[in-house]
Structure formats: C-alpha cells, structure tokens
C-alpha cells in the first residue's frame, strides 16, 4: 500500500514558461525510456518477485521513488505550459508573461507566438488544457509493452540497467536542449539519480552472477543446446572489420570456451518446401488443369 | 545491400503439426523480445552507427543473421500449421494427418479437434491461411517501439544484452512447452546462438568500458549533476530488507564513491501550486462568485 | 513523493491456483477500465490540477489508493498462476498442486491440464514467468489513451464517474465468473470501494455544479453557439420510439429551455465540392484530354 | 441500413485555407473524444442494445447524426488544406491563393510558407494528398479502445455524458484557436449540438435512475460487497484538505449511508510472499548452493 | 448527412448461439480487412474526393452500404453470444439453451461449457456484456491505419480491390468454419456483395486507366526517374526459378519497354560512412585518448 | 539465409543536411506504405508460400531487395540529420555546417535554427541521437498490421500492387517537397524501382488470372453465394451521378453477368430484437417493477 506527501522529491520549477520545450520534455515522462516505464517496470518486478525478500524490497524501494519522478516531471511540464498562447492574434499582446518577456515589442511578440504555436503540441492546449500528458515527445501514448517483468531477475536487472542507460542519455540530451536554470536544476537531480541507478543495477547483477552462470537462464542445461555454435561469431556482412573485436577473440565471457570467428558462414538447414493447404483454406489454387478440377471437387464436397 | 540463399541457417522441421504450439511459438517471432525485434534493432544500430567501423560491421553481421532466424521460425510455424482443422465436424475424420495421429478413434479425434480449435489462433486460419504472422503469442502485432538505436553504443549494447537475455529465456520456456524433437532441435540451435550473443554483447561492453566510464553517457560532465544523491540508495518501502544488497554497501561500481543507504529519505522539493489557466483554455472556473464574473468577462472579451 | 508499506490494502489470496481465471482477471488490472487506468487518471488530474487545493488533495488521495489496488490484483494474479503447467505430459503427474486437486486421477489430470493450456495466456508462461502483466484479458497492453486529464474538473469528474461505473460492472462480472472464495473476498472489497468511488464522484460533481452551469465548459459564452439547435432531439432513425424519452420532453436538464423533438431533421449545409489539388500533389489527374496536357505541363515546370 | 444525402447537416466552409489549423482540427475528428469516437460508441451501443426499444432507437438516432458530424469536419479539413505548399521555394510565389493572401510581398510569403511547413502535418501532404485523416492532432490513428458499449445502459450513458463533455470542451478550445468566421460558424453548430447531447445524456441518466439504484451495476447484491468500506473516504495523501468536500460529509449520494473520512487509513491485507516457480519456468534460481543443485537436478529430469 | 432504417440490409440470424464462433466472426467486423475498414476507407475517399462527381457519389454509395454490413455482423455476433456461460459450475445446468442443446446430459454439458469458456473471448463477457466489439478475432482493436484515402483515385481503387479480395477470402474461410445455416446465409450475402465489389473496383480501375498511364502517379514525369532500372527484375535470391514468370519476360505491362532479368544484380551505391555526432548529442565517444579529451573539452564548453 | 555487402544498392547522399526534411522522409521508411512494409510483406509472403516455386523465389528476390531500400533511406536520413542543432543559442554560431550555409549572418542563423527546431522531430535528437527511426513522418512506429500474407497469392499480389502504387505516390510527393539534388537522385531510383514493381505485380496478376477466375478466392463455389446481388450496384447516396460509371454498365469484369444499377435499394433483412442478457451479466435491468424483483431474485440465487 502507498502513501503520498505533498512535497516533491526535488524542486521542479522552471525560470519561465516554454511550451515548446514542454513538448520535448514529455519524452522522459511518457516515452519508451521515460519515468513511467521504469516506475511500472520496477513495481511489477517487485510485485511478481518470487526470489529473495531483499530483491522484492529493493525493487519496491526504487519503484516507489520513480512515482515521485513522474510527479516531478509532470509538475515541471504544467508550469512550462503556463500562459501558453492559443492563437496568433491579440492574445499575445494581452498576455503579461509573454509581454514582459519580449520588452513590449509587438513584432517580436508576433514572431515568438508563431514559433511557439508551430512547435508546441496542439494536444497540450486542446486535450490536456496546459497539463502534462502520459505521452512521449511526438504525442505517442505510453504503453505497457515498454516494460518487462520476466520472472528471472538476472534478465530483468539487465533490462533495468539498459533502461537507466537510455534514460540518462535522454536526460543529458534534454539538458543540452535548454538553458533554463530551473529546468537544468531538476535535470541535474535526475542525472544524479540515474547515475545511482546504473550503479545499483550493475551491483545487483554482480551479486546475482556470483550465484549463477552469466548466461540467462542459467538453469537451462547447456548440454541441450547446439553447442558447436555457442561461441562462434559469424561474419554475414562482407569484409572482416568485425574480426578485431573482443567478441571474436579470446576466452568467452562465461569462461566456458574461446570465441571463434567464422569468416564464411554456411547454411546448415533444409531448403523449405511447404505442402499445399487443404481446400477449405482457399489458398492459392494449383495451377495445372487437372489438379485444379480435383481440388475444386474436394472443396465442393466439404460444404 | 543483401542477398538470399534458399537454405535455412539451420533445420526447421517439426515431427508433426501442432497448431496450438504454432500460436505459442509466435512469441519469439513477433513478440517484444522476438527475432524481428533483434533483427531490426541490430540493423538500425548498424545503419545509424557513427562510431568505429568494426562496430558497424559487427552490427550488420548479427543483424543479417537475425533475418535468417526470422526465416527459420516462420518456416517452422507454417509447418506446425499444416492441415490445421477449420471446424469440428467431418473434416477431422477426413484429415489423414489427424487420422493417423489418433489411430482412427473418432471420439478421440473429436476431442482433439475441439482442443486444437479452442487453443489455436483464429487468425492462423482466417487471416494468414496457415502461415506465420509477425505477431506475438496473443496476436499483438510487432511494432518498432520494441527496439532502440540511440546513437550511443554503450547504451545500445546494454539493450542488446537485455534482448538476448530475455530472448533466450523465452526460447528455454518454449523448449519446456513441447516434446516434439524437431521443434526442440531448432530451439537448441537458437539457444546456442543466444549463448553466443549474450557473450558477444558482454564482450563488446567490456571493450567499450575500457575507453570510457561505465555510466552512460560517459561524456556528460559529472560535476553538472546533483552529486550528493549520485550514490545514495533510498529506502521508500517500509522495512530494510534492501539494506543488505551490494547496491547499498561498498564501493560504487563506477569506482567514484561508496554506496550510501538512506533509511528514511525526505522530500527535498517544493509543494507544487499551479496558477489558473487563462480563460481561453476553459479549465476549471474559479469558485467564488466575483472572481467568476470577472473571469467570464475576460472570456467574452477574447472572442 | 510516495512511500510504500509491505502490507496490502486488503487480502488478496486465492483458495487455489487457476491460470485460466488469472487471464480473465487481467481485464481489471490492465484493461481500458482497469485499476491502472484509474490510478494514472487520478494522479495526472491531481498533478495537473489548477483548481482549489481540496480537489488536488482529493485526487492524490484516491490516486494513491489505486496504486494499492494495482498491487493487490497483481499479487492475486501471481498466486493464481502458481504451478501453472507448461505442457501436457508428465508435468501434471509430477505437480503436487494439480495432483492433490485431482485426487490422483491421471485421466482427469490430463483433461484438466489440456483445458488449462488452451485457456490460459501463453504469455503468462513465456513472457512473465507466472507473473501479472499490465495488459487486459486478451493480452492487449495498457496504454495511456485510456485516461484523461483535461484541465476541466467537471469534465474529468464525469470521466471518473464513468470509469468507476464501468470498472465496478467488470468486477461484478468477474465475481460471477469464479466460485473461489479467496478471489471473491478480494473482489468484494473492490466492489465496496467502487461503490464509494461512484458516490464520491457524484458528490464532487454535485458540488461543482453548485458553482457553475452543468454544460461543460460552463465558461464558453452560450450566445456564441448556434442556439436554435441547442435543445433539439433529431430523429435520424426511421420510427419514433425515441420520442417518449425524457430527452425529448420537458425542461432541459440545464434549465435553460425545453426539449424539442425533430421528427424529420433536414440538412442545413452546403453540398461539398472540393477544388482539384495542385499538380505537385499528384492527386487524381483531370480526365479530359486538354486539361490533362496543361496539368502535366505545370507539373513539369515545377521540377 | 443507412442512406446518405449529399448536403451536409450544417455548413462547413472556411473563409480561407489554413493548413496548420487543419492539423489541430483533426483532434475532434479522430482523437480520443472526437466525432469518430461518439459515432462508433453510439452505433455499437444501439446495435448491442438488449434493453427497451426506445433506447436502441435513440442511440441509433444520435449515432447516425454523428456520422454527419464526421462528414462535416472532414469536409472542413479538406478545404483548409486547399493549395497547401509542398516546399519553400518558388511554389509560394506561383501559388495564387498564398499570393493574394500576402499582397505579393515575397519576403512575407517566404516566412509564411516556412511557418506553414513547420506547423502542418507532413502526412496531409504525403499520405492523404490534402485530405482529412481519421487521426488526432498529433497524427495518432483513431482506435476502437476509445469507445465503450458495455451492455449496461446506465454505465454507458455516463460514458456518453463524459464523451460529450470532453468533446465540447475541445471544440470550445478550438474555437479560441482560430479567428476564421467560417470555421467558427461550423464550430458554433457543434457546440450547440454538444449542449443538446450533454442535456440528452443527463436526461437519459435521470430516467434510468428512477428505475434502479445509482450505483452501477444496480443488480449486484450489495450485501456481497465489503460494506464496511463502502462509504469511507481514505486520506492517503498527507494533509487533510480533502476533508471539506461533499464526498467526505453528509449523506452518501445513493442515500444508503453517510460519508466517513478516514484520516489515517491502515492496511488490512497480508504481506505478500510468493512461492518459487517450478524449474521449467526458469525463473530466478535459488541462491544457496545446495538448493541450487537440487533445482538443476529437477530441471534436467524434466527434459 | 445520413438516415437509418431499422431493417437490416439482409438477414442476420444464427440457428443457435455459439460464443466461440462469435469470437472468430469478429475478424470480418473489426479486423484489418473487416467491414469497419472498408466503411471508413470508402467514406473518407468520398469525402476527400477532388475528382469527378461520379466518383464521389459512387464512393459514398458503397461507403454507406458498408455501414449496413457493420450493423449486420454486429447483430449476428450479439445473437451468437446469447446466454453465453460465465463459469463452469451450476450455470450450465440452469441454462435452458445449453440444456436443451445437450439433451440434459450433465457430463456432456460440463465438457461443452469448458470448451466454450476456453475458446470464447473473455471480453465478450467482461467488457461488452454479450455484445459485438469493434475488434478482430484476437481482440485487437480496429485502428485507422488499416485504411487509406490518398487523394489519388487510381491508387485508392487498387487499395479497394485488395481490401475486397482479402475480405472475401476471409468470409469464405469463416463460411468453412461453421455449419450453422443461419450464419452461412448471412455470409452467402456478404460473399455475393464482395463479388460485386471486386468487379466494381476492377471496372473503376479500367475506366481510370483509359485516361491515364497505369503507373501511379501517372502525372510524375517519367524522365525524372532513373529509367535504366525501371523494367529490370533483379534476382537477389540464389537460384533462378523466378526467371520464368511473366514479370521477367515480354513487354512491360505499361507498354513502355520490355522486362529484363538481372541474374546477378550489383550494388550501385556508396559504402556509407557517417560523421560523428556533435558533443551535445552524447553519441558514442571517440575511442583514442586524445580525441576523447578534446571532445570532452568541447562538451564542457557548451554548458 | 542472408548475406550483406557494404555498398548500397544505389547512392544515398544529400547535398546538405536538412533535419526538417529528415522527418518527412521517415514516411517512406516506417510509414504504412514505407519500405519496411513491403520488405516484411514480401518476405512473409515468400516464407509462407505454398504455391509454385517460382512465386516463392520471386517474392524472396523482391523482399531481399527491399531490405536494401530500407538501408538506403536510413542512411539518407542519418546524413540529413548531420549537425542538427539542439537548442537556439550559441550552438548555431559554433556550428561550422550551419555557419557556412548561412554566410556568417547570425540573425539569419537564429531564424533558421528556430525553424529547424520547430520542424524537426524531437526524437531525432532525444531518442535516436541523429539516426533514422522505424517510424513514419509523425513519429508513429511501424507495426505489422501494415502488411498482409494471406496464403492466397492473387489476393496478396493485389495487396502488393496497391502497396507499390501508394508507395510511389508518396515518393513522388517527397520529390516535390525538396530541391536537394542528392535526395532527388536517390528518390529517382526508388521511383524507377516502383515503376518496375507496379509492372511486376500487374504481370504476376495477369499470369495468375490465366489459371483462375478473377474473383478471390476463385475456389469458393459461386453457387453458394447469394447470386441475386452479385452484380448489383446499389445507390445508397441520393442522386444518381454514380450511374454513369463502368461499374454500373455492361458486362461484369469476371465475364459472368452484366452490371445492374439499383436506384433505390431496399432492406432485405429482419428488424433486430435482442433478448435480455442473463442476470449474471449485469446488463441493463428490466424496467417494470415486478420483472425487476424476479430478476434480482435470480441474481441472488446464482451466488
């Protein structure tokens, strides 16, 4: 069960409104690697956790923190949308926020309003009425196929490390895309937490790998896999630039074998030939005359 | 540019049809972590690669291999669907495949056909006419938000390691869900390649981390982040089971600091208060009588 | 900011596993009117709230409660999936839960396992490894277009009343679809909370309507709408059964006029005629010979 | 069955083209609360109606009217797109519509064309060739999870009242976002119809509530719900601003009890503990050495 | 504008309920090539039509007919769902429809109910309460990316011919999947209309092609395309089975040239090399030490 | 199985970066009729092909070519994004590409950067870091419901002809939307290949139609369809403009009959009346008092 306190985990106050940036900031709220994704991913991993208690507890710790991040970014977006204009004309002149920002120059105002109107999300006006939305920076809604809770913690902690890596990368880019000190202050907090969270998942992975083999799932008997191709790098793209990488040289990372470079991989399987479908499927009919007659006969009989 | 050869990379031949299993196998074809996902992910990472040539080459090697995996699984599914029944009645009796499989016992046949009809995907009959579909095991279509190509290879290699971990986990589960030796033979090949591919991404990550700090993006100046919370584990869920993990003890994984456990994290931010929206937004109107009148007045003036 | 406690808001313990029912129960977790929808809807309405403080506070109260409902249902689903079978053969016999449930009768076991396998979600095995998923009862992922936070509380409270009405209806149906006392106990709690929540939104609507006209948005000047059709019921379907309803008789609900029944509504608008597109659009070309030549001439000039 | 007449229900003629506004207007055509949503919602509620004839008739009346609204807005959008530019250069100068609109000033023309190109939807040129699309203002396609037909008319009429409330709110905002008299004329008609439709659903709800209890579904025996929490407002967010609302004071809206304010709600449920998954699920393996060996043994036996 | 009459275009009465078949029939209602798709496709093509009046009129004729098809199939599905069971136990015995269908044999009843419960859509009970849904046979919602209205009628009539071909194919398969005479009667009507509609689009295409070249868009000057590859079939898959087809032999279908078979197609383009991204993008950092230092220096300067 | 060579099929080199056009070009990469769609459509049709070998071979030829088109367009987009700006301020001045393009005029620079920032996709910066994405021009992800492989080649070749028609139309429009010679060079290649591919599918259709009737599926016995409406054009839209088309006059295209024009089509079906749902469905309750009591009684008994 959950409780809420009114204060934000960290400040979320822009220096001034910026409806165009509000749209961009949506990416880390409702995008593929936004805060809703990690919130839902950690909570579901925690609720579904069948492993040791400390993992469930840790997952619910961080999942609960992420709700607070969703709250911070939503609050920031709502403020960035303050006083956003609806149309070009007189409103700009009458709008005290825009007015003071532009020193009363109406030509500049007009131009700025036009730019805002073409760059902001129309849904921030029409749908949410100057509120944050659970969508990304192109307006695509968050959906739960963005997250994973597989029941295997080593697999999932890798998903989490990835999510925090993509997430911090996007926050860093958004930091570069503004010069508003208030926005940057909030982002500097998120960057720091993502530093912790990347560290956290690396630590949790290290801990799990001390108890199991690093190939997920570690419990599948390796003798049941086709082991002759378990350590072969196959060169399917002409040229051998890929030959010099660590993945093609030396001991495999699981310590079981050495990497092999297959310069000219050959097909090992059959040439597929599918049988015709039964008449009731109405697939492509046979082409030669007689077969066709018989086929249609069968088809009629089946009705 | 690409070329195709007719042989499959490895055999994909079931011992006998099984339309219900065909539906389940769709998961690793068109699901979130199916072969279409890794095929598209590696190809786009390769095509967009602005890093060293060997990474682009390696990505296109493995991306090209994955197209062959999509081909193998599609071929397998089509064969599992051979002679699938359309309806309960007479067709079963007339169906030689089902007939021989059931020793001519028509009661058993009826029951088996019923089970097949309730467990197979209706779209395998109605839409694809006994062919594989680019969808998952519940019929949800593949979509490109399943993949990522971020322009930062360390971030993306972590995405790749995750994809291969989730993918091999799903293949292992599907191996458990059948006893057909032909299907298991193909899956044993995919399991082996996923063993290689997990090794491959671990190797590539190790190589990249020798040249950059492990926190993505390594190029963002860490002094710009809120460093007092960069190594703190925050305990937002009552109870301290999470205190004993590696993530709360010892040196941080990036070697920059030591982990700290914050047993009772406090809010550090403001209590949000949003300003009312301008009249033209038609948000919630003010409640006190006079303010309301003035508000409506402004609204009328703006038309 | 949020805190979590380990106990559930109410018990969520099934009497025995039931993987088929687990799939059905997904509807009120990740469906259009499931708990994720109301959780997200109330939280975003609260975070975006520009109205009186008590509304923001109330929205965050109920939004926070709904996270706990998501937690309860997820926990229930995970337990309903306990020991779910992966395939028909020997596993059933070796499975103590199934075994005791079936009195050791292996024929009955086989049949039950078959039914479970055809009726459960394949993703509960392959993707989530016996965990709850943020999807509905047909496996479709939750997405944020299920919710609304419009910035106008009267509009949104109507959305909320609808969500709680659809939600309680679905819970009631799911109650009918099981006889498991443990499941029914949890559902009886959710039914009661939905009773409260329908009451709550009716109360909040009543309160708002004491301060504003009941037509949303109340702030749009009604003299700017085409008032001659503001109270007319138009009969576009042959027959006049619809004439006897309250919507066609008596005073309008906003008290501004009386309902009117238009038995034979007539078109009031123009017959549309669109102009041809410019050549660079490559729309349908003009059909007469000469016009075509000129059109192609223009097209060439533009390159 | 349906018939069409060529005239629109009401005029849909803009004063002049405006490709940027055309994109915004898409919201009330193909958005979550656009005309396609209500058209489909009312038609499906009517076709599925198992209640009194007058409800079916009324639903098909209004559903049929909504097809005409889809037609009007589509026609309007196509005209707003007339002569939209494809690229910056010479086309603007050669475009008589743009030319006259700008008094032949080519610098102004260039700037206006640039603004149009950055603000219009690229799909209005590339995909629909200056035609309306069944998408919203950010280009997201309409999908049928936007609508509901639950088989319970009281629930559905609340959905309908919500849809008309959100819909009229969006139309009002779009009215504010243009000064084109032709567009505003059409919107004034839609605003009036939405006034009627909000009245209509309020009337229909009132009528239904005279025959049944207002808590949906009224047919579920209330003694089967956990009645001790049926009228309690629970304060999960610190602070008691929410205490003063109607929802926490006085008689409940269904007249069955009085509202209660629970200032410090306590958890009433168990602390969840999930059992480990069977080996064939390949969940997180047990951590202690011996259990692990046994677990792997079981796993091998099952193959 | 539209009018509705109460009678269906053709009878839609099943002989008896069949909830499992109801789910399958959803495919031609809300699937990719279901009736909602053609209804919306034709209506939007009509409303957006900038060509001759007769095309607009014809498109609205057939679009209006398709609304009636949606109505027929919805009505059929609702009846197929009559008396569908909610759970296994006592309800079956108490259900007169099931009871008479099974001759009072309770064992058979139990088995039949189980099969129905595992094969029907859970949403037909939980969400729509025994009503049709605008979804396909796996429960995926209809969305408007299923349709096209491109502004070029020749392109669109080909889309229409395709839609009617896929549609009739699916109806034919569904005809094979039932033996209910009432269902088959309705399908026989739809099959006939689809015969007409395939004829209709072939006729309309023939007519258009008498006025324009058959390559869409006919208005693009062919001298601007890379004409040396305009008639070459390229053999990218090993083996030359494809050499014997009409597409590789004889005069091209547009009458402009002869087909050419390129047995060994060669790449004609550059080997791509992308430049590194600017520091503010935080892409993969350069690997050599010095470049890295400079790169980070630039990055710091930009903040 | 597949192999890759490093050279592109044809050159993909823009003259200069243009981040706004990069967004538009996404349409033919990841849009409904983009290259990913035809790539996947042809490959799946080939892999599922149960017809003559030459069709499978031909489908895999063209499917393999299409992967190369995806590669070309991706490469082009990445280059169009070179040096795209992140924010308005100083970066433009420091950006040598932008700088030289604008002759060092900082006012012009500022304006150009603003236009780029409002017109480019924010995800090209935040998500893909200046790389191509598998999405369309409004950022909507590619999904596999865009393609079809039905198991009936005549149906599918019509889908293919449609895809190549819509595709070439979109390429032609994009050609008009730029004046960059490098981009136009690549598009001129795609236009030529689409010319071939439209020819190819017309040829393949002609070949198939020599062996089967042109109404898909040709194998369904036409005597089982309702033949009295198989050749009737029905005039559901007032006015008879549609009477003069080929579809209403002369021999039907399948040569089986003559077209008939039905000026005033009449309904041939029943007026639907649905029976009430059982109590456990909790649909709309009966309205008369007594029936209601009985209904609730039944409902209670079932618990």
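When the chains are written out, they are named A, B, C, D, E and F in that same order, and each has its own residue count from 1.
By definition in this document, contacts are C-beta pairs under 8 Å (C-beta built on N, C-alpha and C of every residue); 3 or more make two chains touch, one makes a residue touch a chain.
What you see is a predicted model; the values in this text were computed from it and never measured.
Counted as hops between touching chains, the shortest connection from chain B to chain D is 1. Against reference pair D-F, the listed pairs B-D, A-C or C-E yield one interface repeat, C-E (criterion: more than half of contact pairs the same by residue number). Two chain pairs, B-E and D-E, are weighed by contacting C-beta pairs, with D-E ahead. Relative to chain B, the most remote chain by averaged C-alpha coordinates is D. The greatest centre-to-centre gap from chain A, using C-alpha centroids, is found for E. If you average the CA atoms of chain E and of chain F, the two centres end up 10 Å from each other.
Chain B and chain C have Cα centroids separated by 25 Å. Counting partner chains per residue, chain C has residues 1-9, 32, 47-48, 50, 55, 57, 60-61, 64-65, 75, 78, 86, 118-119, 125, 127, 129-130, 135, 138-141, 143, 145, 148, 150-152, 154, 169, 172-173, 176, 217, 220, 224, 236-237, 239, 267, 269, 272, 274-275, 277, 280-283, 302-303 touching two or more of them. Residue ranges on chain C touching chain D, taken from their complex, read 5-13, 32-33, 53-58, 60-62, 64-65, 72, 75, 78-79, 82-83, 86, 90-91, 94-95, 125, 129-130, 140, 143, 145-146, 148, 150, 152, 154-155, 158-159, 161-162, 165-166, 168-169, 172, 175, 188-189, 191-193, 195-196, 198-200, 202-204, 206-207, 214-217, 220, 222, 224-237, 239-247, 252-254, 259, 265, 267-272, 274-275, 277-278, 280-283, 302.
Contacts from chain E toward chain A in the complex involve residues 169, 172-173, 176, 280-282, 302-303. By the touch rule above, chain E contacts chain D in their complex via residues 1-9, 30, 36, 40, 43-44, 47-48, 50, 57, 60-61, 63-65, 67-68, 70-71, 74-75, 78, 127-135, 141-145, 147-152. Those residues of chain B whose C-beta lies close enough to touch chain E in the complex are 1-6, 47-52, 55, 86-87, 89, 114, 117-119, 121-123, 125-127, 129, 135, 138-141, 151-154, 208, 211-212, 217-221, 224.
On the chain C side of its complex with chain E, the touching residues are 20, 23-24, 27, 31-32, 115, 118-119, 136-140, 169-170, 173-174, 176-179, 236-239, 267, 269, 272, 274-277, 279, 281-285, 287, 292, 295-296, 299-300, 303.
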